[in-house]
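These notes concern the structure reproduced below.
A, B and C are the chain letters, set down in written order, and residue numbers restart from 1 in every chain.
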């Protein structure tokens, strides 16, 4: 019986905490509403609570492409907070490359009364719920890096690269550097990612009509370097000298594939990928790899934050900002390699 | 040692220890809530509480299934892949084949339950290690999901389907109602039915359970079937939430489920678990994510904090619950 | 066997005023123990009397709160068994816990391996082990894996290990509990040899006969206190028992003669692993004793009847009709229940409550719709607990918290609730203290009086002879003899004759 009593007490304590909590916040909401009238002249204050609050939902915080983007966002937002342009921001929310988690993070942005949220979607279609959830709550959303399904309809803006274009740049590099043509392999990212889909599309655009090149297959490598390296060794075994190129959806994979080829004495095989991560850049610098296609991630976030700054000044903002890809070769690698 | 007058919070020492042993995790939960709301007042808002409860409903389904598996000295690593399979089946049936929503849900959950039965039979009938069995079926299930979806994301635009996640009944989101219903049913199942007792007996001492006439095959198969069924429910909520069917979802979801079980006092040695405990574990995990994001703690520190909280809570639980031997 | 006061007045071990408490329970209170060189010193006491706690203080598993221990005249304290071992004290535990995949040599030299540089020098180690094994006439060589040995042989390896550490004091906790008579005899000869060499032995046992046979001196404990010590020459059985229990136990075997009715259960030509062509019958109200050496097929037969092991041939009849049993569930449904000899592995779910353990086989009859009828369950469990005089603070406590005797009563309660027609008891009083033992014997008589057919396996001949209406003697998988109660009462058949049958004589 005593145990039951204790459990009842415990539940009661829980309820009290929640109830007082709710009560407190209700009052606060009222306060917010009353102050609404007085401070509505703050330019760009979307929800009218007199405070400018920004949210940042990352795609993830682990992969080498997103790390500098997140760093840049943190630096810039912290600076904006310091100089008073914005009142606060959420910090980097971890999307864990998972649409489900991104939707949860969107809930938290709503709970914190954000005015603007920058989101780097994990998935084109399933992360869309996070975007619509935010816009439904009246928040201005800037989608960065890849579009979700309803980005064009509901988001304030889209800032990102043209992945189809990137795919075409990859294919073009191979066409330009393997003069006789031949067989090539394609290492894919996680199937279903918009970057994977669109880069694949770009590669296909050029290769489809090119008689000199023949694909030996598309290999799902989930953006992972070791899997691409395995594809490289397998394909070298299978096709020997006929294998001329390996096109990868990112350059973690292309650098690993190139390394596998070089180790096997086949540095003639052209491996190329997208992103401009540090390791591939170093390989370009050292002459171990011909080129890589740099996606300027920080520039994308820069573009997005610039849009927020404009909105806060009451200026017109663009609906779509495209950040160009850069082909990195030995000639220009030093500009991008820190 | 035998100080009779040792008093903590008005209870004598032994009683306090017993209280903490049984409800220590609840105390941790309350302390956590007080701390977070002190740091960030918006945490306490009713809407945020509802958010968290809605968010944890997916992990809760998986964790309950996991709790049963762990209680029988097993583990179900296939749950993450089950989410993907259910999602892809739903996507195919609803978006491409035009099935009605209830029928599609029924079919998808049936398939995930069936995979649970297969897991259970392999484990009990052929006496294979649960870790190995579910590690392998996980690969098969995810492969199936990829096969069904063709590796592509299938958007589910049907508004009625999306409402499974977003609809509210008397201001309570539907996933919370599912969470409450499943929690009650699981509580009854584990603590008030024959099967629950058999699960505890098999988990604590399989030989003694057999010698008492308990069918290990039936019990374990039921356990994994329930785990599969609940993963199916979780998959439906997940898919309605993201409105998209994809084969790469749910990777690593076992981890949070196992963590919730462990926080809730589920013993890896088998035979010890409570549903209220697991529920509290689920909310602790949910509050860690939610609270730290609201406070604005850097994401880099979040997984460290999660790990530290789990170890700390389990350690505290062990100290409080110190048994002779 | 005689105690020579003059030469051996030197104490190997002296414990003075030892106290130890766990939480609120005083496990030891101002306890004394004096052990002389080359003496076999028995420790007697019911379970929970403090014997094990004292031993754990000596080998360093516990630290006493108060008091002092002298070993060979010098103050001694060990922080753990390894330290104790190095100091010259070793303990052979009741539940042996060998590493099954180690060889004998590896087991003996565990944690002090012969090395050559950083590598193990297996050859030298095996050679050393073989030399020691030879000294003890051990029938296996050093490379044999522990798992291939019988319990008795594993125990022997433990003893050999202790000797190889040059231990001057060896503690043996219930060393004979899983040994048959022959193995026990062998153990005793080893103990005598050790004694000759001046090794002192602390011998913990519940078996009074053994204590009288092998021990020189006895210290008695009760409820954590030291009752007193006696020279075995000066002690008598009843006196020791009353010291232990604090009261007089009149009749060791309270057999009540009751009416024996018609045949309930019949076995015909039963064969399986370890037994061959077994036929017997048991009647209502009868206690059928099964005797024989460990491994003679007695437990194996009963396990097969209960559905735990397969039956290859033969038929079972219950109340005249043939029944088939493939798993325990079927046996229980038919009304055949079995208390397994291995309580820890087959009897109880130790981390679940007493209530859950008792109710486990009978849950189907305690349902209300889909859910359990917990009220009915509680009532049933309490009734059964009261009937069996189960001593527990509450039936909600873990079975783990109970003493051996009360654990056994929990198992009995579980089966009685299932309302059996045939109750098979395999070593029902193993590891059970004297008080609980006679209570269990009483209960057996009560069950029989209510018309239950009881089959009891026991390695203790006095128990079998004192309790059974009829005794079947096993040897090498076959029944080699049948002894009626009249023959025992008339003195026509005695312990030695039964033993002779068990050893294959006629």
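Everything that follows uses one rule, which is that a contact is a pair of C-beta atoms (placed from the backbone, for glycine too) under 8 Å apart; a residue touches a chain by one contact, two chains touch by 3 or more.
Nothing here was measured: the structure is a model prediction, and the numbers come from that model.
Visitor: Of all the chains, which has the CA centre nearest the overall CA centre?
Guide: B
Visitor: Using mean Cα positions as chain centres, tell me which chain lies farthest from chain A.
Guide: Measuring from the centre of chain A, the most distant chain centre belongs to C.
Visitor: From the mean C-alpha coordinate of chain A to that of chain B, what's the distance rounded to whole Å?
Guide: Those two chain centres are 30 Å apart.
Visitor: Report, in whole Å, the distance between the mean C-alpha point of chain B and the mean C-alpha point of chain C.
Guide: 43
Visitor: Averaging only over C-alpha atoms, locate the centres of chain A and chain C and give their separation in whole Å.
Guide: Averaging C-alpha atoms per chain gives centres 68 Å apart.
Visitor: Which residues belonging to chain C are in contact with no fewer than two other chains?
Guide: none
Visitor: Could you list the positions in chain B whose residues touch two or more of the other chains?
Guide: Residues of chain B never touch two or more of the other chains.
Visitor: Identify all positions of chain A at which a residue touches two or more other chains, and write them in rising order.
Guide: As it turns out, chain A has no residue touching two or more other chains.
Visitor: Which of the residues in chain C end up touching chain B in this complex?
Guide: Answer in residue numbers: 21-26, 65, 306, 308, 327-329, 331-333, 338, 340, 345-352, 356, 359-361, 363-364, 367, 370-372, 374, 400, 414.
Visitor: Under the definition above, what is the set of chain B residues touching chain A in their complex?
Guide: 19, 22-23, 26-27, 29-30, 33-34, 37, 41-49, 51, 54-55, 58, 146, 149, 151-155, 162, 238, 241-244, 246-249, 251, 276, 289-290, 293-294, 296-300, 302
Visitor: Name, in rising order, each residue of chain A that touches chain B in their complex.
Guide: Contact set of chain A toward chain B: 3, 6-7, 10, 13-14, 17-18, 20-22, 24-26, 28-29, 58, 61, 88, 90-94, 98-100, 103-105, 107-108, 110-113, 123-129, 149, 190-192, 220.
Visitor: Would you mind writing out the residues of chain B in touch with chain C in their complex?
Guide: Answer in residue numbers: 1-2, 4, 14, 188, 192-194, 197-198, 200-201, 204-205, 207-215, 267, 269, 271-272, 323-324.
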